Amino acid sequence: MQEMMIAKARELLKSGAVQRVLGWKAGEFAYDVEPAVFESAQELEKSFVYNDFCGSNLSKYLIAQSRKEGKTLVFLKPCDTYSFSQLLAEHRIVRENVYAIGIPCQGKTDGETLKGKGFTGILSAQCEGDTFTVHTLYGDKTAARADVLPERCLNCKSKKHMIYDELLGEDGEVLDSHRFDMVEKLEKMTPDERFAFWRGELSRCIRCNACRNVCPACTCEKCVFDNDASGIAQKAAADSFEENMFHIIRAFHVAGRCTDCGECSRVCPQNIPLHLLNRKFIKDINELYGAYQAGEDPDAKSPLTDYTMNDAEPGIVYHRGGNQ
Amino acid sequence: MSKEFDREQILRTSGVNPRKCMRCGKCSATCPSYDEMEYHPHQFVYMVEKGQLDELMASKSIYKCLSCFACVERCPRGVEPARLVEAVRLQVVRQQGNNHLKANDIPALLDDDLPQQAIVTALRKYSK
Amino acid sequence: MQNEMTTFKPKIVAFCCNWCSYAGADLAGTNRLTYPADVKIIRVPCSCRVNPMFILRAFQRGADGVIICGCHPGDCHYTTGNYYARRRMTLLFSMLDFLGIEKERTRVEWVSAAEGAKFAATMNDFVATVTKLGENKRLEDLRCKK
Amino acid sequence: MKQLSLEKLNDLFALIGQTEALYLPVDDAAGQAAYRRWQPGYTLSKALNTVRSAKDFFFPQTENLVDFKMQGKSIEVIDPRTEQENFVLFGVRACDARSFSILDKVFLADPVDTYYQSRREHGTIVTLACTRPEETCFCTVFGIDPAEPAGDVSCWIEENTLFMKANTPKGDALLTLAAPLLSEGGDDAVAAQQAATRSVLARLPLAKLSLDGMGGESMLKLFDSDKWAELSQACIGCGTCTFVCPTCQCYDIKDFNTGDGVRRFRCWDSCMYSDFTRMAHGNPRLTQRERFRQRFMHKLVYFPANNHGEYGCVGCGRCLSKCPVSMNIVKVAKALEGEVK
Amino acid sequence: MQRIGVFVCWCGSNIAATVDVAAVSDTLKNEPGVVFSTNYQYMCSESGQNILKDAIRDYQLTGVVICSCSPRMHEATFRKAAAAAGLNPYMVEIANIREQCSWIHKDKAAGTEKAIILGRAAIAKVHLNAPLTAGESPVTKRALVIGGGIAGIQTALDIAEAGFEVDIVEKQPTIGGKMTQLDKTFPTLDCAACILTPKMVDCAQNENISIYAYSEVEEVKGFVGNFHVKIRKKARYVDTTKCTGCGLCTEKCPVKKVSNEFNLGLDNRRAVYIPFAQAVPKVATIDADHCNMLKSGKCGLCAKVCTAGAIDYKQKDEIIDREYGAIVVATGYQPIALDKYDEFAYSQSKDVVTSLEFERLTNAAGPTGGTLLRPSDGTHPHTLVFVQCVGSRCEDDGRGKSYCSKICCMYTAKHAMLVREKYPDTEVYVFYIDVRTPGKNFDEFYRRAVEEYGVHYIKGMVGKVAPRADGKLMVQACDLLANEQLHIEADMVILAAAIEPDPSARHLATMLTASMDTNDFFTEAHPKLRPVESPTAGIFLSGVCQGPKDIPETVSQASAAAAKAIGLLAKNKLTCNPCVAHSDEWMCNGCSACEKVCPYGAITYMDKEFRMPDRTTAIRRVASVNPAVCQGCGACTVACPSGAMDLDGFSNSQIMAEVDAICKMK
């Protein structure tokens, strides 16, 4: 696939159809692939990669790239296309300036996930078929592919591309995932257990803003939390309240717009399962207002800018969940 | 078993909300078995709502419904009377305690001329 | 302990839309229908003006309960405002519950300008509910408590 | 050299914990190591290092500087500080141990930061030698020997034994306190472990990282390098690198209105943030490229230029594993290497 | 820092009895920014107002807090007083310590404490108040009426009578609408044409009225008082200024088999036609889909016979740009399609007709010249079955409508009665679910059908209509009261089809940013108190576009809409509510979330060039609020994640300051 992508990118650069290519660039180790812009065939040859570590969602970079002169070629995995489509619906990307190529994805892992699975001192890693081989300072180790995938890929919602100009490889299907299982499990807990769970998680937050800055739904020119005039600006969580506040408001601001790409949880240095907050909103929206997947239909009205006269009353919250 | 229990059970198994009925009678107007029935589809809806279950459960009408679902199809309010008839029948069958027809027994009973609809209807009527 | 419980006075913030609920609150006053002084009303043009930020802010600053009152659905002065408010608040309350924060501390009630009695009854009931829950501990900011 | 059977480690913790606050790395809910105040039942994490560095204890993420209390139209100024308690920081790695000397150069230089100073004075640092360094480690580049960590007390864990060596009077005092549990000996075992560790260190992929040419001499050349645009391209402007970094020391001072007064606190800031050093006229660093450059120029150029060649990095590797877009100081150093040659 | 004055009112003993007013004014005197604080017996009295005015002048107050009764009572009074003293009226805030404090609390200590807190909240808000100025916008003194049925005609006539110009836009070649197709009207049975056509002629002759028939609204921009509308005048291929309406062309046209929509396809017309004799404007129209000349260039017969030389095959659609101060929507209705009702055999038998078709079949100007004949074979029908509620009150969205169409009970009674009167040899059955006759003389009318004319009213629905080979229609129904199933051999079945809004209304609503309900009826600004206004300022509703109604109701609503529009047009300038939303362009993302929740269409987007923080320039899409249209609900402020959208007078920071003051720990 990587070869095909390079060949395609080279061809489009050469013909002048695009002026730059947004893709992934090899790093120091196997896993530290970084998003990068390539402007020449040489650059592509030198460092363009597409492998099992290309997890980062490139769609947010298009906000800036699509405002540059000329066209940007971008490679989008199925889940990235949801973000791309949602950003288009919000007028954040100049569509004419983007040439989007859909590429297949079998799930992406990352260094942190490997380390979490006990691989330390990683020097390089390969995947053949369903087996991952990791060469480490302390010897070689193998693992089944499914065992080293992060949660978001194990519960992949779709292998189908929502929008593209061209597709490399086969398009997949929308999948039946178990992505709401954990939300459901939490819902079944008592409020005390849930409170303890979330305190345990959110108290680790260091307010580095990685979740916000990587999020393709968080594209505000100026975030309320950075804006002193908003009255709720915070630079650090000086109190447990501010940890809650930040994450509640952030989840609320992306509610109905979050495509569940899972970048927030991927980048969190403290491994806080932030995606659960977004999924809670998605699940509630699905249950209360009908199935809705952000990024699926650019013309659909997002649930929070829509209503029906017979919507559930807020009191429904008192009757739901495992805490009667 | 109490009447209230029966009623709850019937409402639950049928999934029908009889309160949605606006008494237009289109179910009975459309029913091919009308003349065979002592209680007609619209009466089922009304009587279940009012809890007059003894009459219904004792009536042969519950076996006269062909399960053709014309009433379900035509009802402007989505009340689905046939499901209610079916639920009343099931309630009777359950109280009798016997499963009169098991799916596994069907192949032996089959007759080439028997329409599929009849088999399905029979299974609906005689099994739990 | 017993004594502490009975003397606990909750702080309640009530956001009332200008057209229905604020008028309903006025009517409760005109009819001399009492409810605890713990309830303080903030006038907003419409229930859709209530930002989740305001609700969290109230808890941060020491509120023990927050109630939002608006026109009955379909009666909104601005036609659709309370429909949006209804969705927003439903989702917000559900999220608070998801975080283990007592859901009884937040409420939405539709009160028309004619429902002074309902306004007073609602406030009495809400104050009683929140009083039973006690002080807001799960969404407090210790810096604001001394 | 003193030694203690690991079976008695909890007794040691209990003993220290009785008189002072004892902090040590334990595994958190996500399975990563974090410093926690010791309490019975806590066990020392096996992880190589904590996500957050040990700088938290001397330079916490948020710290209350002063309170203003308002009553009507009068204002009262209150110093919120209470007496600083003594504390022991156990299990600090060599890289973090070095970071304190870098922080000292900032906070203990005139005018002395008394908040920081007080914590330094009351804290005893017990370091722990590394035995299984990872690919992201490059402390040796800065002359740090993770097999011989600094600190008030240095420790090694080999097999079933903890070896301890006091390096300072504070360290002596701690070992004296622990004396009832300790016995003499262990030099050979420690030396053997050090040899083994050092052989791994030599094989680390970043062991040969070159910082030649960094430092004050090539300041302008590096500042004007056109590599920055490409390097900073992927940067999303979050503060992860700065917040996990043991040497980042920038902070902002904020006022929090408590309703009846103002609480003035300082909190970590990140030069990667768009509002960092924002002044009345705006932000002097207009784009992420400049903000990104600032961070690495500071660590690799400005800091050594002002501090006798000492870099503002200790090679702990946290930013290498935590950056959301896998950009880090090593990539920057390698890219810039060509610029000065 | 503001210089704030606090004025605590005793309201006689209304406040003073349960609130220690002196304690309140003394305590609030110590609040930051408060430079003056006093209490007085009746702040709203003239002397109370003078205290306020004097203090504003003497203490150079920049903000005022009045602790008194509800702002709904005296906010305007105090604002006016402040303005008289030179203070911006929006620098006044009221702390409601009567209705929401003294009147509901009995304990004086608690009441006093609460009054102080409410005062503090108001002070906190005033600190953040900014002077607001109500803007003004001019009013174009012309109204647009969209739809030329009876509703549109009545509205236009009323507005024109008041002396304002009105334009009627009608998409059909003639005005008149559905009413022109009706035969008689209930409950008086006067002939529809006899009462409608004079009104149509009045429209044509009124010099304040311009009729744009065969035209459609293409674009609406602007806002209340200042709408800019593009009207597409479709090509008729006939010069309306020359055509005399003689009808010669319509007799000579060789294309004879075009389905006649005026008679609902029950007969045919030519490719050039005048819908009916009393059409207004009475000019011919060439149907481009069927005209040989326009299709193939071969024919030209009509041009040859036209002595006025009015035929113009080269005519093009014309776009007319007009400005209006008010727009009245009168787009009306149509019966629903019955193709999903197979059980009634509507598509299978010609003798199953809708009630509107039945109107044509009994109309003297209809295809049968007013003699009731079976459409299939032209014979006289003996048994007629009327079925009510076909598609009305139906929960199945795919088939029908959930609402009651309101007019069917009455026109069915009318039809049944007329048939029995004219043809006493017929048997007439009406199957009903409920008969709804609320209206003046309505129930009497229905009873007459039953009692005098012997119409068989049967409670129950028809289940099935089966056409038989011999031409009879087998009607199977249930008589619920007799509890028996009926089988009737009928000659004709007449279906009272539900009515639905005209399909063009949906697109129009989007252009007008006027909201619609789920059934595509326009929603009114208030269901009880503002029933003829749309929530979008300057848009008024007339007739069935707002909900099913009969002719008398339509006409009264049309006049009401006209009255509202006249009220608007009579103004020279509109004063805008200054408490409106505004967008901070620097923070705006251009995401459109605010636009989507704005019930008034007050938010538009524009691409604007900005000098970015990195000193480059960039074109950014940003929201802008039209203060003349915004009503200040604040829905947008919460939809906006960045907080770029804020509401003057109720800003985020003001409300949070109030929250802070209320929650403050003591």
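Order as written gives the chain letters A, B, C, D and E; numbering starts at 1 within each chain.
One rule holds in what follows: a contact is a pair of C-beta atoms (placed from the backbone, for glycine too) under 8 Å apart; a residue touches a chain by one contact, two chains touch by 3 or more.
Just so you know, these numbers come straight off a predicted model, no measurement behind them.
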item	value
Neighbouring chains shared between chain B and chain D, ordered by label	E
Length of the shortest touching-chain route, chain B through to chain C	2
Identity of the chain that, by mean CA position, is farthest from chain E	D
Winner on C-beta contact pairs when B-E is weighed against C-D	B-E
Between chain B and chain A, distance of the C-alpha-averaged centres to the nearest whole Å	51
Distance from the mean Cα position of chain C to that of chain A, given in whole angstrom	36
Length of the line joining the C-alpha centres of chain A and chain E, rounded to whole Å	44
Per-residue multi-chain contacts in chain E, two or more chains	597, 639, 652, 656, 660, 663-665
Residue numbers of chain C (touch at least two other chains)	52-53, 57, 61-62, 74, 80, 84, 88, 143-144, 146
Touching pairs - complete list by chain label	A-C, A-D, A-E, B-E, C-D, C-E, D-E
Touching residues on chain E, where the partner in the complex is chain C	70-73, 96, 98-101, 103-107, 110-111, 113-114, 117-118, 121, 515, 523, 525-527, 535, 579, 597, 599, 631-635, 637-639, 647, 650, 652, 655-656, 658-660, 662-665
Contacting residues of chain A [partner chain E, same complex]	67, 90-92, 219-224, 227, 229-231, 253-254, 301-302, 304-306, 308-309
Residue ranges of chain E in contact with chain B within the complex	343, 389, 393-396, 399-400, 433-434, 459-464, 476-478, 480, 483, 485
Residues of chain A defined as touching chain D within the complex	27-29, 31-37, 56, 60-61, 111-112, 115-116, 120-123, 136-138, 200-201, 204, 206-210, 212-214, 226, 235-238, 263, 266-267, 269-272
Interface residues, chain C side, partner chain D - complex	61-62, 143-144, 146
